[in-house]
Each structure stands twice: as C-alpha cells, then as structure tokens.
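Written out below as structure tokens is the structure these notes cover.
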Amino acid sequence: MPVNLFPTGVEYFRILPEMILTIAGVLVMLMEALFTTEDQRKIFAPFSVAALLAALVASIAAAGDPGAAFSNMLIIDGFASFFRALVIAIGVIAILSSTEYLRREKSSGGEYYALILFSIVGQCVMVTANELIMIFIGLEISSIASYVLAGYLRDDPRNNESALKYFLLGSFATAFLLYGVAWIYGLTGTTNLDHIRSALETSTPPLVLAGVAAALMFVGLAFKISAAPFQVWAPDVYQGAPAPVAGFLSVGPKAAAFAILLRVFMTAFGPIAARWEPIVWICALATMIVGNFAALQQSNIKRMLAYSSIAHAGYVLVAVTAHSDVGSAAAMFYLAAYAFTNLGAFAVVTYLSRKGERYVAIDDFAGLSERQPAMAAMLSIFLLSLIGVPLTGGFFGKFYVFKAALDANLYWLTALGLLNTAVAAYYYLRLVVVMYFREPGDSLQTLEDPGIGLKIAVYVSALGTLVLGIFPGWVLDIATRAALK
Amino acid sequence: MTLLDAVLFLPLIGFLLLLAIPKGSPGQSRMAALAISLLIFVVSLGLAVSFRGGTPDGYQFVHDSQWISSPPIRYHIGLDGLSLWLVILTTLLTPISVLASWKHIDHRVKEFYAFLILLEFGLIGVFVSLDLFLFYVFWEVSLVPMYFLIGVWGHERRIYAAVKFFLYTMAGSVLMLGAVIYLYNRAGTFDYAEILGQLQSSRLALGSQAEMLLFLAFFIAFAIKVPLFPLHTWLPDAHVEAPTAGSIMLASVMLKMGTYGLVRFCLPLFPNAAHKSAPWVIALAVIGILYGALVALVQPNMKKLVAYSSVSHLGFVVLGVFSFTQQGLDGAVYQMLSHGISTGALFLLVGYLYERRHSLEISAFGGVATPAPNLGIVFLIATLASMGLPMLNNFIGEYLVMQGASFGNYTATVFAAIGVILSACYLLWLYQRLFYGKTSESLSHHMPDLSGREWAAILPLLLLMLWMGTYTQTFMPAITAQNTRILDQSQPRVARAKQPAAAPALSEVRSSEARLSQVRATEVTNAR
Amino acid sequence: MDALLFMIFAAIAVVCGINLVLQSHPISSALSLVGVMGALAALYLLLGGEFIAAAQLIVYAGAIMVLFVFVIMLLNAGTEHKGLGSWATWAGVPLLLLFLGLIAMGITHHLPASENVMFGQFTKGSPLFFGRALFTTYLLPFEVTSVLILIAILGAIVLARKEID
Amino acid sequence: MQLWLIPLLPLAGFAVNGLLGRRLSKTAINAVAVGSVLLSFLWVLKTLSALGVFGSGTPLERPYFEHYYTWIQSGMLNISVDFAIDRLTAVMLMIVTGVGLLIHIYSVGYMAHEGGYYRFFAYLNLFMFFMLVLVLAANYLLLFVGWEGVGLCSYLLIGFYFSEKFATNAGNKAFIVNRIGDFGFTLAVFLIAMHFGSLDFATVFGKVQGMPVESSAGWMTAIALLLFVGAVGKSAQIPLYVWLPDAMAGPTPVSALIHAATMVTAGVYMVTRSSAIFLHAHGALEVVAIIGLATAFFSATVGLAQTDIKKVYAYSTVSQLGYMFLALGTGAFSAGIFHVMTHAFFKALLFLGAGSVIHAMSGEQDLRKMGGLRKYTPITFWTLLCASVAIAGVPPFSGYHSKDAILASAYEYAPWMYWVGVFTAGMTAFYVFRAFFLAFFGEPRWKTEAHGHGDSGAHGHGHGDPHESPPSMWIPLAILAFLSLVGGYINIPKWLEPMFRLPEEAPGIPWTALVSVAAGLIGIALAAWFYLIAPAIPEELARSFSTPYRWIYNKYFVDEFYDSVVVEPMVDGSRSLLWRIVDVGVIDGIVNGTGKTARNIGGVLKRLQSGSIRSYAAWVVLGSIIVIVAITMAGGVR
Amino acid sequence: MPALPSSVPLSWYLTLSLILFVLGIAGFLFRRNIITVFMSIELMLNAVNLSFITFSYKLKQVDGHIFALFVMVVAAAEAAVGLAIILTVFKNRQTLEIDEISSLKN
C-alpha cells in the first residue's frame, strides 16, 4: 500500500506547465464553440501565446527545485526543464507564425491552437518523463496532434497524403518502439529508466536481448527524429503539411524525441553503450549524407528544408554518438539554435508561399531582396545559420557538436561531418543566390505585407539565432549544467 | 579599449550607419562610405605612428577579455609587425575601392558599400585576432560580404563565380575548424600565444602524425586562399566576375589572409611538419610561379591575366615563407604588401578601362596611350612595379624572397627567377596590346583621360610603389623584428638545442640573425 | 489442459492473423482481426489477466473493431485490385523471415528458461490489484491519458466534421 | 662631395619635363633637359677636380665613398644606397655625361619637328639618371637598379613611336632579352650574397683577394659566368645580341647614346668592375674571350651585307662590343675600357652622322637610295669620314690605339684569337667605308622616287634636295669628330694602371699593330674598289656566293630560329596545353566534377524517395534489421 | 500422437506474440487497402500486448497489464484519428489504394 496516495503540492507544481497548457487548450476549445464573429476569434492566438508564456514561466520556476514527481513518473531535472522550456518557446513562435497563414487559408479555428497546445503538452510529458510508459503516452499525444496538424487543411490533397503517411508510418514505428519496451520490461522487470539502468548494470538479464530491445526502441525513436534509414517519411510529410505546421514538426516533436533518445540511451541503456554506440555512429553519418546530398537536387523549398532538417538531425546524432555530458550539452544547444533558425526559415516560407501554398518553388524567391529586403535579409540570416557561418547559432551548434565528437575521439565522424557542412553550404547558398542575384519574377507582385504575428515570429527567431551566435555562453552554460552525465 | 579596438569596430559601426541611410539616395551612401573609410584609414595610421613593437612577444594594442566562458573563447586581439601593415593596407584600399566603384556601381549602392565596409571589418579582424577561434570567426565572416559583392554586382557568370568562391573556401576552412577544435581539446584553450607556449615547452606534445594532419588542415585552408597551385582555379573566375572594388579587395587583401595564416599559424604551431613538408610546398610554389606566369601570358581577358599573375606572385610569397630564412620571410611579408599595392593598382586601372569601353577583352583596346596619355603612364608604372622593376615595391619583395630561398634551395630560386623573366613577357605584351599601336576611331571617342576622382584613387598607390621601392626602412624594421621571432618559434622542436640542418651559409646566417634582430629591435625602439 | 488451450487459441490467433494478411477484402480482414483479438483475450485469461482480457474484448473487439467495420462500410471499400506495388512486395518476405528469425533466435537461445504457465498461478491481474496500481503508482499516466483521448476526439472532429459554414 | 647630385640633376630634369612637359614650351624643355645634363657634367668635372684628377699626383688611389641611407635591411643582409667613385668610375662618368651632353644638344635639332618632344627628353634624362646610378653604385643591387633602369629607358625610347608595331615589338624584345640577361645577373647576386655575406663591392672584392684562384669550375666560376650572362644580355653578345639591331627602331640620337655609346657598354663596365672575381675564375675569362671574339666576327660578317645605314652601324656596334669582351677575356681590362671610350666617340659620331644623313634625306635610311651626298652635306661628310677612319683603326686616330691594345693582349693570350681579330678589323673597315662610299659618292640615287619614311614619321618637310643639318646638330658632330681623331691619346690604360695590370707594351711599334693596320687599310681599299671603281663586282659576288650571301644578308636567320624554337612553343604550349587542358580541363574539371558527382549522388538518393508508403515501411523494417544485427554484433553474444 | 504436456513454457507465448507481430508487419507490407494496413498495425499492437501480459506473468507484476491497458487506449485514440484521416483522404481521392497515395515523392 503506497504511502503517497495523494500527490503533494510540490508535485503539482512540477507539472504546472502541463496543467496550464491543458487548461488553456480546453478553454480555447470552449471559446471556439462560443465565439462566432471574426474579431472575437482573433483572441485565440494571443490567448494561446499568453498561456504558453505562463507555462514557460512556470517551467522555469519549476526548474528551481528539481526532483521527481508522481512516484517517479516524472523527473524535473535541468535536462527536462531545458527541453520543456525549449518546446514551449517553440510553441510560441509556431503559433505566431501560424495566425497569418490560417487567416489566409480561411480556416482560423480554435482547434488549431488547441492542437498545438496539446501537442506541446505531450512533448512536455515526453521530456520530463522518467518512465517508459510516460514516454510512450507523451509521444502518442504529441504524435496524434502532429498527425492531425499535418492534415489540418483537410480539403487539400497534399495535407491528406502528408497526414496519412505520417500517421501510418508513425504508428508503425511506434509499434516497434512498444515491442522494444515490452522486451525491456520483460527483461528488467521495470519501466523506470533508473531501475532499468541498475538492472542492466547488475547484468543479470541476457544482454543480447536487452540489445535487441534497445534496437527496437531505437528504431521507434530514430523514426521520430528522422534519422536514416528511418527518415523516408520526413520529406513527404513536411512538403505536404501546411508550412507553419511543417516548421513546427521539424523542431518541436523532433527536439522532444531527441530528449527521449538522449535520456533513454544515456540513462537506461548507458551500461550497454558499447552495443549501441556503433549503430548511432552509422546512423549519424548516413543521416548527414542522405540529408545533405538529397537536398542538393530539390526545387521545392519545403522539401529542401525537410532534407536539411534530416541532415541536422544527423549532426545532433553525432553529439549523441559522443555519449558524454559534453555531447548531450552540445545536442541541447544545437537543438535550441536549430529550433530558432528553422522556425524562422519556415516562417518566411509561410509568408511567401501565399494562398494555397502556390509559391514554394525555389525560383519563386527570385529577387526577393528587391521586393522585401527585410524578409530576404532575415531568411539569409537563417540560411547562414543553417550553413554554420560564425556569429549565428548554427555555427556554434556545429562547433560544440564536433568539439564533443573530437572529445570522444570520433575523428572520422568529425572529418566527414565537417565536409558535409561544406556540401550543405551549396544548397543553402542556392536560395541566397536566387534571392539576391536574380531579377525579381512576377510571382512576387502579389506579395502583401506580412501580418504582425509573422513579423514578430521572424524577428524573434532571427534575434534568437544571432544571440545564440554572438553570446552562446548564456545558453551553453545552462545546457552544460543541465547535461546528462 | 585600445586604438586597435577602434580600428576594428569602426567598420562595423560604419556598416550599421550605412544601413541606416534611407533607400534611394546613392549620393549620400557614396559620400558616407568614403567618409567612413577615410576616417578608418586615418585612425589606423595612428597605429603605425604609435607602434613600438618593443614588447617581448611583439604584440601591441593588446585587448584580451572573455567572450564566451566555456569553452573559454576570448576576445583577444593585438598587433605586431606582421599584422600592422596588413591592417593599414586594408584600411587604405577600402577608400580606394569606394572611389573605384563611384561610377560603375549604380544599383543597390547602399548595400554595396555596406558590404564593402563589412568586408573591411572581417579582414581587419582576421589580421588582429590572437585567439584561434576568433580568427576562424573573422575568417568566415569576411567570406560572406565578398560573396555578395561578387554575386550581386558582378558580371555575367557572377553566380557561378560567387558560389565557387564560397564553397572552395568553405571546404578548406571546415577542416581548419576541425583542427582548431582538436587543438583546443588538447590544450584547453583557444589562445594562440598560450597554445604556442604549451607547444614550445612541450607541455602539449603532438605526435608527428597528428602534427602533420593538423598542419595539413591549416595549410589546405590557407593554400586555397593564397591560392597555391593547384588550388587556384577559383581565383580567375572570382576576379573576372567581381566588380572592380571586389577584385581590388580580393587580390590585395583577401589573398593575404592565406599567406598571413601560413606565417602566423602554420610555421610556429607545427614547425616539424612545416619543415618536413617544405620541399613539397616549395615545389608547388615554384610550379605556381611558372604556371601562373605562362597561363597569364595567353589570357585574352585583362582581369584573368592579372588574376593568373597573382597566382604567380603569391607563389613567391609561399616560396619565401617556406624557405625558413630571415630574408625569405621578410621578403614574403614585404611581397604581400607590395602585391597588395601593385595588383590593387592594376585592377583599379583595368576597372578604369572597363568603365570606358565596357569590355575586359584585351582585343577591344589598342593605342589607348594616344587619347589617354596619363592613363597610359600610370598603367605603365603599375605594370613595371608588378614586373618587379628596381626602385618599385615588388622588386624588394621578390629579391629578398629569392635571396632567402637561395640559401636553402638554390634550384628553386633559379626557377623562380625564370618566373621574373616571364612576368616581363606577359605584362609588357599586355601593355603593348592595350596602349600601343594605332588608335581606332570608335576607341578614341570613349577614352577620356584620367578624371580627378580617378587620379585621387590611383595616386596614393603610385606614391606607395615608389616609397616602398626606394625607402624600405619605413616598413621593414617592424616586419623583420616580428619575423625573427616567428623564425625562432618555427625551428624544429625536437632539435631546438642544436642548429637545424641546413646549408652552412644558412646556419651562419641564422646565428647572425639573432644578433642583428636584437640590434634592429633596439634601433626601432630608440628611433621612436 | 493449459497446453491444449494454448494450442487451440494460439492456432486460432495465428490462422486469423494469416487470414488477415491474405484476405483481399477489408471486411474479411477485419473479421479475422476480431478473431485474433478473441483468441488473445482467452490467452490473457490463461496468463491471469482477468481485467485485461475483459478490456481486450470490450475495448478492442468491441469498440475499435466496430469502428473499423463501420468505416469500411461507410467507404464501401471493395476488394483491392492487384496493382504492382513497390519493392516492398518482393523484398518483403525475406525481410520478414529475417526479422522473425533474429528475434526468435533471441528468444530460443538467450532467454533464460522460465517456468511453465499455470492457470491461476498469477492472480495480481485481478481488478483489485489492477485498480490499486492504476490509481496510485500510475495515477499520472492515467490522468495524462485523458489529454490523449481529448486530443483524439478533437482531431477526429477537426478532420471529419461537416463544414458548418 | 655630394656625388648624389650627379644623377639627381638629370632626374630632376626628368621630373620637370615628365610632369609639366606638356605645358612647357620647346625652349623651356630644351633648357631643362640640356641644362640638367650640362649641370651634372659640370658637377662631374668639379667633383673630379676636387678629387685632384686633373691635377698632378696620384689621385683616387682608393675609391672615394659616400653613404646615404640603408635601403634594405634584413637579417645579416644590409644593402645601402652608397655611391663610390674610383678611376674606372671617373672614366665612365666622363664618357656618360660628356657624350650624353653632346647627344642631348644634337637631339634638340634632330627632334625639333617630332611629336612627344617633352616625352623624348624626359626619357633621355631618366636614362642619364639610371646610367649614372649604374656607374656610381657601390654595391651590386644598386648597380642592378641602374642596370634595369637603363633597360627600361631603352625600352621606352625604342618604342618611342609607339603607334608603330615594329617599334613597340623591338622595345619588348629589347626588354625581355635584357631580362634574360638580368636573370643571370640576379642569380649571380644571390650567390655573391650567399658566399660573401654582402653585396658591397669593397667587401666582396676584399674577401676575394684572400681566396684561391679557381682552376676547375667552382662557385666563383659560377658567379663569374652568371654575371657574364647579364653582360651578354646588356651588351648584346652572342647569343643575346638579337635585340640590338632591332633597337634601331628608336630615334637616331637614342641609337647613338644608348645603343652605341653608353648603355650597351654597361656590360663591359660591370665585368671590369667585377674583374677581381673574374681573375679568380680563369674558365670564366676564357668563355668571355671566346664569346667576345665570336660576336665580333659574326656580326662583322652580317654588317657586310646590310643596306640600312643604321643597321650597318648597329652590327658594327655589336662587333666592337665583341672586341671589348675579347679584351676583358684576355685580361686586358684597361684596354677594354679604353675601347669603350674611343668607341663611344666614333660610334656616337657614326650614328649622329647617320642621323644627319637621314635628316638630310628626310627619313630615308636605305643606302641603295643614297649617293652623292658629298656636296649637299659637307660637314656631315667630313665628320663621318673622321669617324670611319677612326673605327677602321687607321693610325693615329683613336680607334687604332684601343684596338691595337686589345689585339696585342689577344695575341699574347692566344695567337689564333689575334688573327681572327685582325680579319674582323679588316671586315670592319670594309663595311664602314662601304656605307660611307655608298652614301656620299657615286651618282645620286634618290632623285628618282619620293622618299620613303623611316623612323620618324614627322620628317614631313623638305622634299627636293637634301640639305645640311642645323648647327645644333653639326656642332656636336664636330666635337665628336675631334675627339675620335685625338681621343686615342687619352691614355686610359695608364690611368687605370693602379687597378689593372698594363698589357705589356712591346718596344717600338710591334708587328701585331702593323698587321692590324694593314688589315684595316686593305678593307678600306677593297671598299673603295668595290663601290667607287667597279660597282658591278658586289652583285657579281652576291650572285656567285648566293648561299653565304643569303645567310649573312638574313643575319643567319637567328631571329627566325628563336621565334620558332623558343617563343612560339612557349606561347602555344601555354595556351593549348597549360591553359586549355591542364587548367580548364583537368584542375577545374576535377573541381566542377566533384560538384557534379555530389549532385548525382543526390539524384540517386532522392529517387529512393518513391512516395509509396509500403516501400517506406519496408525501409523501416530493413533498417530495424540492420540495427538489431549491428547491435548484436557490436556487443558480442552474451 | 505424443502425450501433450500439461502446460507450455512462457517462451511459447513470446514466440506467438512475435509471430503475430511479424504477421502485422506483413499485412502492412503486402496489403494495398489503407484500412487493412491500419488493421495490421492494430494486430502488431495486440502482439505487443501479449508480450506485456506474458512478461508480467513471469515477473508476477501487474505493471505489464497496466501498460497493455494504456496501449489499448492509445490504439483506440489512434483508431479514431486514423480513420478520420482515412476518411479525408477518401473524400479527396475517392480511393483507398495505398499505392495511389504517392503524389509527394522524390
């Protein structure tokens, strides 16, 4: 008979962000039902943003006194708090960059915001989870929300297909994950990460099977982070999904999934690191190569960014391969920097794609610098950050990742990864070339002023990118302190 | 907050100011850019005036403060005899580039000058940063504005050229980044001086293989920038497509980033590897000298010709650097500056011709000296300087380089000297085809003589050619003093105690080196 | 006795499973899936999962499968016509056998021999224990699941509702 | 003593004319140009007299030295801008400033009607500056400054009529061929610095004295030979003489000053200056002698058949320079310098006279179109006669003395050299007088058709009868005529004795001298017979010896040979092989190829993205199998 | 006919679950009807549940059952959303052929 039948206050405090977001989501749904006029509905976005900011504050406050909650279902340590704050921040920018799009597509319903909020709840659960079961549920919340978001414009065939592919393959991969969980449970008799670790350390269970279980779980997670060879779904899904959603998917669930990956493999499967490090090594390299090289030939910018996001997952995997606190810190920083950069890039794409996303070919950006110098400049900042040019967050991300890799004596992986960044420069530059070196085509004639929300989103992400590039220490110190040992 | 900080950050401020100028007022932006660049130049002269070089490690105007706590990346800048003149070269050539693009940059003027000034920021940063990481940051930062300068304001095939330029350099520099990180992981710091100290006191001992790999990582990045044969193919494209100002900055300053890196990093940090690979490098350098000259000989396009001539001239620099002699190193550094001046002037004048005729083909000209005698004379002087005529700047550098190289490797010197003959061939032939002969009707109408603005831009360079050629003591002492240190640092580590194995004359040189360098240093200090 | 039961239900499950894969009409696949679930429910009982067996029948065989059948009817999906598919069709079989073989080897070679399954050996599966665990240790997951269900409903509405405008 | 004033005065003249010339009047330009040279000449006189040269006693026993500032200071290498003056320099100074002054004056008249007047005089002054730096320099690098500088000026002045292609071609040829010589010079400089640790004449020659004479070829020989390569380029010796005949494309005063009197003798001066080194490398000296002799002989043969009056004198210049090197090679340095001086007198005179003739013929240079000028241009006639007898070595005129000294030392060195020299002397006399007779005697052959235009496009005036030149032109002629008659009595060898051993004077008049004089006279007689008495004979000979005639007439096809063996292969090779194939094809091909390959890989990868869900699922399965296997393998089976 | 053992070892259950899991994959790979494919996923989940139950028998714990319950809930949720998605697809394309849903590619 467990003593803590009723959770204490501090435990509620530790999941305060999730609670805020859930309530906010429910409220939005209610308002959706009540508010009928357009300008009443204008409240959704600000409200959700407010809720998210509140949650952000709460999560930062919660980071104040770390510890477990709800009989070790959750653990609020630095790592968790970092990622929780990150995904919430991602949510803010995602919502800001969506409003304009929804208005344009005549489907600005409250559900959208509710979905975003709930999926963030899911991601918060993921990153704070200390139990495979919590991880699983959080993952599912986030995923199901993502499936729906990917197909949000249900009259658009591209959305449907994107949603269907994401959904089928996603649940397919989840099944593998679950099977792995089942095996781990069977072999160690627990689903709590720490207990699993200790069980594996005593190494009573047959390690081969533990390895197999780890492998199955890796499949499930690698799918979520779109690591090769499980990346196949990403380009199609990102291309088909609404632009802002694609931006959100490429960072939010991905960051959360990476958080899980790091936590599970560094905590629970730490003892059998020798078994899984090689495969992560291979996956990292394969992912970088597949992402960068396939991106070379893309003409659709969303698809190109999708491949690029695959490549970046590869870089983070390099940090994971390092399997050290430095590595995990590097991964955390990288994900943060990448989040700002990519959200910004997708926000600009959202802005330029216009109704029905007619203009998503790279050539449609021709001469943007003449028509919209500000937007062009911002997008180039994001692209330079994706390339990894100094004074942008992307650069320091790469720097820390490869530093960690060299710490772990992964010389070959580092060299190949660095060369990959050079390759990557090519396709990002192509976009800059089109924006600056080409004469503007008539496709830019119909370009109207970006909405206020989108502007904020773009400028905030640009600011974040640059701040992370010029004063990386602020974030990195937090990450270093929060890193998993 | 030293004078150097001011020189470094004034461009950045200027860049922001230029961005602040309202759109569609080209006149304003031109004037502003000119004013800013001139101001920077004047301030930078302050560096030369107050430069002592007396400090034991030769650095002055040092500013060392933390940028990022962990990893400990420091904002550590300083000036020594090596970087002093390179910085001033940069600040001098920026206003000249501004003047050079006065007329023929007519669209997006503001952005053009903004990028130009930003480029200056990056370049100065490269030359003054004493923190490997900071150096890399500036190295990359300087890449971006040049990329835009070529890509937006260049000629027909500008996109290909710009992308090629960017990727080529990028490919080289990522490996350098890897090497930098590795050094950090081993030494626990990015600070150049500290790493050097650890290496010298062998507190940080690199295996010979590791050292060679690190050396290569740095060397390739620099060699691409120099550019050293056979990594040079980006240069002709970049030059031909770049606008005049771009070519000037590219040839005069950016290429020096590479050679500067060789002197500053490759030699002192990895002396064993440097010595081991010296024969190969020298071979490449000499090939580059001859190859560049021969290919320049047959170029139908003025800018391509000058570009290949740069390949040839920079070969001399590399030759001097890897001769590991005082003369060679001094000559190399002096040649960097000279090449900056004379090739800058050549590109400027080619730009003048282009503005008049809107063609870069040599065949489009002929007999220009008749309608535009002053242009002819000025061009002649630049040409002579570039072919290393005594009493003009390049001669000093080339002579010292070959003199130094002859101590170690006389054969290489012989081939290099052949390069000098060839330089006369292609330059004189170029001059003959451009300025001599009968003047065609169509040409004589489009060939006004030099305007006041054009005089203003070219005159400083001409005077410098004469000055640097006739009275080197203005520049040499600082350079020599620093090079002596670098040479001392880059003696093979294992054999620090005994003299390095080399020609007896060379060793005699070495011993006298030390003595003289001290004499020089004291002289310099007393002179102030 | 236990063995016999296992044999029977396992056989049913496998046969139904194979049938699911072989049938070309969704309805028959759906029915065979129901069969699998039923068989599994029985096996759960053998393993002492009283509550879960019930849930299996109610939730799965009941709710979910009904939903499936309903949708199939709604879209009156006919038999799928044979189109040439992707490389999955020919590469599939070897892949599957490989997968099967790998894990089977794991089970046979590396799993420590465990005791046989005796009906009634394990009684913790009763609603009592189940409920107690669910509302103490697993309180949070239970609560969070509500969000999951909420979002599922929301999603279904978003995607499938008629336009009200 | 302000030696620096000597070169700086002409430099000032250059600056004034060069910067302001376009706005100045001709008289002003003349004043500046001639004035600056005059002043520097006077300053030379003052300096020398101050050094007691013109007084009794033994002045300049050791060189007088002035240090100005450090030029290059790098490590142990310290090169300063120093001037020094010793007896050798004194001679050269007198020649350069003196002859230079005369030629400046002459040019005033000659160039009167030319375009680019100021340009011409600016260049001329600049040349004076560099030439004086060359002779005053106290170390090899400063000497090299003058060395290259005079080359530059010769380039500029040869290409003075820059709208004419042949002129600019000649200019480039001169500069580049000289560069080839300089190539040797610089390499020598490197070796000197390497082995002596300094470039100062004093230091180097001081150290040399202590060193053993090299019997077999060693680094000393190498230095000597490389220096000689430089001299060969500058002084137009085989195989680098090809530029000098073409250099005649420049205005005639230029040919007189630069390509006859001063610059081309710089090589002789430099070798003489380095005599210490050469005397320590006998092998090198022998080479010098042989090259000199060969040059003297072959260019003399070429001179026999030239029809352009300036070409004739040009080849004779090459030949005389050969004599000088013969002298040096045989160790008679003083004789060499002696000949430099006399040659400066009579060869300058020859060219100036030729210029006067051309001036008279309003631009015509072809001997076949002249004739009978005797009564139209008497002064030119007489002055040219003096010059011709002087060069022919007729005693007691100047050429006789110097040439005799040379031949004497040649005989003592190796008799066969002497005989070749004598034969050459005969040829010299022959072709000089051939030109002389063709120009001034016989029937006028110019009445017939309009005069073509030679070097100066601007000789527009004075069709009709030839006319005597203005005083500004004939006065210098007169002075030079006087000098070339009596110049032989300035006993240079005696004056230079402290520096170089005297060639042994045989008591009385040695037979060697008689023989050479006889050869000269025979040459003159033959010329007279061929071109005065029996004009038919030359054609006869040309026809009967057609092959050798064609060869010498076409200068042995040397230019053609160089073009086809050196120039064309280099250009074509660079264009088709290096540029088109290696650079664009291979290197850039690899670069672009890498990019293309990367994109192709991308193409393959994106084709895997078939869009079919089931294949994606298959990927997942495949991936999972890989992962499982990999993990199992990695951990080993336990 | 050999005498049937009175009871079977746990590993048989696990093998059964494995077989069902693989059958699920097979369904996903070979069936062309989207709904069937989806059902194959359900089959896989069931297989996983069987493992959970089996293991919790072995471990004498109830946790496995609870996990299984959550899997069911998730399956239900997925079913709701998934079928909705399938509906939208069908509405726009009038087909359930999985191979025809491949307009997004390369």
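Per-chain residue numbering starts at 1, and chain names A, B, C, D and E are given in the order in which the chains are listed.
Keep in mind that, in the parts below, a contact is a pair of C-beta atoms (placed from the backbone, for glycine too) under 8 Å apart; a residue touches a chain by one contact, two chains touch by 3 or more.
Everything numeric here is computed off the predicted structure, so don't read it as measured data.
K.L.:
Give the chains in contact with both subunit A and subunit E, ordered by label.
P.N.:
Both-contact set = C, D.
K.L.:
Which neighbours do subunit B and subunit E have in common?
P.N.:
A, D
K.L.:
Counting only C-alpha atoms to place each centre, which chain is farthest from subunit D?
P.N.:
The chain lying farthest from subunit D is C.
K.L.:
Hey, which chain is the most central one here, using CA centres?
P.N.:
Chain B is the most central one.
K.L.:
Tell me which of A-C and C-D has more C-beta pairs in contact.
P.N.:
The comparison resolves to A-C.
K.L.:
With centres defined as the mean C-alpha position, give me the subunit C-subunit E separation in Å.
P.N.:
Roughly 5 Å, centre to centre.
K.L.:
Just curious, how far off is subunit E from subunit D if you go by their C-alpha centres, in Å?
P.N.:
From the centre of subunit D to the centre of subunit E is 98 Å.
K.L.:
Measuring centre to centre with CA averages, how many angstrom lie between subunit A and subunit B?
P.N.:
Whole-Å distance between the two chain centres: 44.
K.L.:
Distance between subunit B and subunit D based on Cα centroids, please, to the nearest Å.
P.N.:
Their C-alpha centroids are separated by 36 Å.
K.L.:
Scan subunit E for residues touching two or more other chains and write them down.
P.N.:
Correct list: 14, 24-25, 28-30, 37-38, 54, 56, 58, 61, 63, 66, 70, 74, 77-78, 81, 85-86, 88, 99, 101-105.
K.L.:
Residues of subunit C that touch two or more other chains: which are they?
P.N.:
85-86, 88-89, 92, 95-96, 99, 102-103, 107, 110-111, 137-138, 141, 145, 148, 151-152, 155, 158-159
K.L.:
Can you list every residue of subunit B that touches 2 or more other chains, as numbers and ranges?
P.N.:
Within subunit B, the residues that touch at least two other chains are 167.
K.L.:
Under the stated touch criterion, can you name all the chain pairs that qualify?
P.N.:
A-B, A-C, A-D, A-E, B-D, C-D, C-E, D-E
K.L.:
What residues on subunit B touch subunit D, complex-wise?
P.N.:
164, 167-168, 230, 232-234, 291, 294-295, 297-299, 325-327, 330-331, 367, 369-370, 373, 384, 389-391, 396, 399-400, 402-403, 406-407, 410, 413-414, 417-418, 420-421, 424-425, 428-429, 432, 435-439, 470-473, 476-477, 480, 484, 503, 505, 508-509, 512-513, 516-517, 520
K.L.:
Please output the residues of subunit B touching subunit A within their complex, sorted ascending.
P.N.:
67-71, 136-138, 140-141, 143-144, 147-148, 151-152, 158-159, 162-163, 166-167, 170-171, 174-175, 177-178, 181-182, 184-185
K.L.:
Across the complex, what residues on subunit D touch subunit C?
P.N.:
Answer in residue numbers: 610, 612, 614-615, 617-618, 621-622, 624-625, 628-629, 632, 637.
K.L.:
Enumerate the contact residues on subunit A facing subunit E in the complex.
P.N.:
Contact set of subunit A toward subunit E: 133, 136-137, 140, 144, 147-148, 151, 154-158, 160-165, 167-168, 171-172, 175, 178-179, 181-183, 185-186, 189-191, 235-236, 239-240.
K.L.:
If we count contacts the way the header does, which residues on subunit E are in touch with subunit D in the complex?
P.N.:
The touching residues are 25, 28-30, 37, 98-99, 101-106.
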